[in-house]
Amino acid sequence: MNDRKKVRIASCSLAGCFGCHMSLLDIDERLFDLLDLVEFDRTPLTDIKHCSPCDVGIVEGGVCNAENVHVLKEFRKNCKVLVAMGACAITGGLPAMRNNIDLWDCFQEVYQYEGGLEGGRIPNDPELPLPFDKVHPIYEVVKVDYFLPGCPPPADAIWKFLTDLLAGREPKLDYEQLHYD
Amino acid sequence: MSKTITIDGKTIPFMDGQTIMDAALAARVYIPHLCHNPEFKPHGSCKLCTVKANGRLVSSCTMPACEGMEVENGTKELNDERRDLVRMLFVEGNHLCPTCEKSGNCQLQAVAYCLGMMSPRYNHFYPQREVDASHPDVFLDRNRCILCELCVRASRDVDGKNVFGLSGRGIGSRLVVNSCSGRLGDSDFAVSDKAAQVCPTGAILIKRQGFKVPIGQRIYDHKTICQVESQGKTGGEEDE
Amino acid sequence: MEPCEFPHIGEHLAPIMERHGGDATRLLQILREVQDCFHFIPPEAVSCIASHLKLPRAQVEGVAGFYSFLSLSHQGEYRVLFSDNITDNMLGKPELMQYFCNKLWVEPGKVSEDNLVSVDSTSCTGMCDQGPAALVNGWPLTSLDRNRLDLIAELIRMKKPVAEWPAMLFEVRDNIRRPGMLLGEPFEPGAGIRAMLARGAEATLSEMDVSNLRGRGGAGFKTASKWSFCHAAIAEEEGSMICDVGGNPERFIVCNADEGEPGTFKDRVLLASYADLVFEGMTVGARVIGARKGFLYLRGEYRYLLQPLEAVLARRRAAGLLGENILGETGFAFDVEIRLGAGAYICGEESALIESLEGKRGRPRNRPPFPVTSGYKGRPTVVDNVETFACAARIAEKGGAWFAAMGTAQSTGTKILSISGDCARPGIYEYPFGVTVEEILRDCGAEDAHAVQVSGPSGTLVSWQEYGRRIAFEDLPTAGAFMVFHRQREMFAAAHNFTRFFAHESCGFCTPCRVGTQLQKKIMDKIAGGHGTPADLEELKHLGHILGSMSHCGLGHSAANPVLDTLRKFPGTFERKLKALSFEPAFDLDGALETARKITGRDDEWAHLS
């Protein structure tokens, strides 16, 4: 297999739980087949901090804070094809359950009412990503080319999706692979 | 000699007074729908069952069948539009499937699977809606209500109770409960009511039953809603 | 539970309930009066009314929550609603409303802290030729400017009852600029009925047929056909007849005075100054179809016409033109009851109107059956527009051939237009059908007109290249609105205003309209805010397609017309607002961080997004 022909893939998790990435690992021994076809850029597996030009970007998680936007825009800029993987990236998912709660109440609950935090002060450190009023799916912030639903998408769905995509086919899931839960 | 219509070229008999949907259900031909349930008076609000009858777009659940009517149902054009309607239902409410007990038995989800909805496409409304856990046996989670009024019809026409109604207008339409406090627990609603069994989504859930059937073994986990309905099963029969 | 705010509400409501009896079809009328009394519908009142009318409480709450002039939460003692039609906006409504709010220290859409006043927008109030207009506790205020608003604010601060405010604030002018056979020729009350009685009901229906009168509400259904279908529906249902006191099968005739299409105000003038003609037409129709009872469904915005109209009815009863044995004809009995709407455009749709008449939420019914076979209380019902009845009275008086001699082949008679917007002489113009847009523009003194919105937002946008087009069912059908836009107007603003209107007025029954009108409005808001992209225009077209094909009724079907028409005829007005980028976020990223910035007190580089 010629390395120069390998498809370069980046992935990240924004407001997600890394469950989709865990599901990706669940393709088990097929990972070896995958590695014949692709090379990884920034992913949670490689410890590369920034995304460089890639063929495919896979984003898990929704957009809940300013830092998510920076990462997402970097992915969009560098990736020819951007994939929203999992319920959070596609609908906001579980983090979006906070969308019905006032942000001020969230802060108070976490920093002021919850025991154990000395002083109960709301932090203002610039290094902490500032949260949005609401959590949004990634397609409300950048253009997204493909969607791979599921919480998480089953390993077979991820495999089917990736193999279709790598083979130049329009990705299409079988009925039992399409799930929103 | 019985009268007939055709749906996508297939000849289907009907009796006078039957709608296109009635005829299709009797012949086990699936026309996507959410607000329709043959046990109740047709409503015609979800618009998923829109078909082209003799060239005109009509709701099949309310349009009477007539001799020789040619109905288009499973066309790409119609299914594309139905998928968009389902997307609209998803974004106007808070449908977080991973958090919902009904997942796998939910007709909204099942229709979306059946129509191949990969994303809600439209921007989410994330509305502020009320959850009511006041009743000892039933949850009411308006986040998942699609305003099909099946519970309204069941309570009014079968249970004779009028526990539910609709208030507000337009996007502010909301399900209301027939009690002074507006809470389900203060109404005469009972878990044995028909209205507790008919919600196509997870808006009305019977407590302590949610995971009796594990995820993965639910109605639409392996069979499409089209297959399920073509075998003669109607909605609302899950969880026993 | 919260303590009861109105423990003795039953006593307060007793006189209202007594006046309306236990008639559940009068629910909306009762709720209107309760709203007037308490400035909202208290929850205790909902329960009390429900038990009195033997209705489920949820149904009463459902009706109270549907109409925009009713409110389930507190409103100000003075509720000022500014008309939000594009013509009001062009006359300075946004600035004036803000000025007024600042004066009274109240935010639009909110109630002042002392519960004294609330200020908000409302859909077109039908005063486009004398705007900017508003309603105070339901009463129309016209020709608003800063001076008048200063005075109004002062009256409110002094807590002066609205009934004692200076009359000039409430002056509504007819502004009839061009009268024709309806508005210009004298009419003696009873002339139409007399002629009909002399000719006979059957022969009068034939005259209606010969006249080829078509419905003036815009749809243009032939009136004689509607009347004869209703008549035929009675004959067909022998065996299961519900009879009135006289032993006749019950049927109804309804005058649709829910003139809600923005830019339309000709029915207001007909009802204010030609009510005899309208009631005469209803009486003629009643005789033809055999109805003993008629309703005039008057839009809530025109409640100021209620008393004058009641006075006309009383005068006609005294003159033997209504009541039993009309004009001495034994067995010819007919009377009219006026019912008020409460702020819902959808009730102009005939089946929604019937629902509203029955005291329900104004939700368009599934059809078939049509109202002519199953209308009010399930009985055969004819619903016609105000102007249609006025025409019918003239036809009864003067004959079908006389009428058919005016207008064009398929559009006989005249059409009353309500002209507003950028012209020197806004007001009421009556033309024979077939008149060109160009002639009208000349008559009303519209110079450099760039476009005309004919028949309101649900109608057609006519560009300057199409001024040769004619007002007629064959070309430009119209309910009467004619809004003129000068060359310097931004057509995008009109389309934006109209999408806001439809989103506000969608009844919420069907998915495509309930959600689609909101999605459409959100995209228009995004474009207006300078964040639109070409992809958003494609999305608008896509939504327009779904609205047009999948909606339940005419509101949804036409809700995308303004956007689609404007995109087609004035693409530049959109394009000038677009960003060159292919994609823009759906929301304001930096704005969505504002709350967190406030909470944390941060304003550093990382607390912002560009």
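As written, the chain order gives the labels A, B and C, with residue 1 at the start of each chain.
Note that a contact is a pair of C-beta atoms (placed from the backbone, for glycine too) under 8 Å apart; a residue touches a chain by one contact, two chains touch by 3 or more.
Keep in mind that what you see is a predicted model, and the values were worked out from it rather than measured.
With chains as nodes and touching pairs as edges, the resulting graph is complete, every pair of chains being joined. The chain occupying the central position, as judged from C-alpha centroids, is C. A separation of 32 Å divides the Cα centre of chain A from that of chain B.
Between the Cα centres of chain A and chain C there is a gap of 49 Å.
For chain C, residues that reach two or more other chains under the stated contact definition are 586-587. Contact with two or more other chains is made by residues 123 of chain B.
Residue positions 134, 136, 140 of chain A are each in touch with at least two other chains. Touching chain C in their complex are the following residues of chain B: 42, 44-48, 50, 57, 59, 62, 64, 81, 84-85, 88-89, 91-92, 122-123, 125, 146-147, 162-174, 176-182. Contact residues of chain B toward chain A in the complex are 90, 94-100, 103-104, 109, 112-113, 116, 118-121, 123-124, 126, 128-129, 143, 215, 221-222, 224. Residues of chain C touching chain B in their complex: 1, 43, 47, 56-59, 61-62, 64-68, 72, 344, 361, 366, 368, 503-512, 514-519, 522, 542, 545-546, 549-552, 586-587. Chain contact summary for the complex, chain A toward chain C: residues 66-67, 69, 103-104, 107, 122-124, 126-127, 129-134, 136, 140-143.
Residues of chain A that touch chain B in their complex: 84, 87, 90-94, 96-97, 99-100, 134, 136-137, 139-140, 144, 146-149, 151, 175-176, 178-181.
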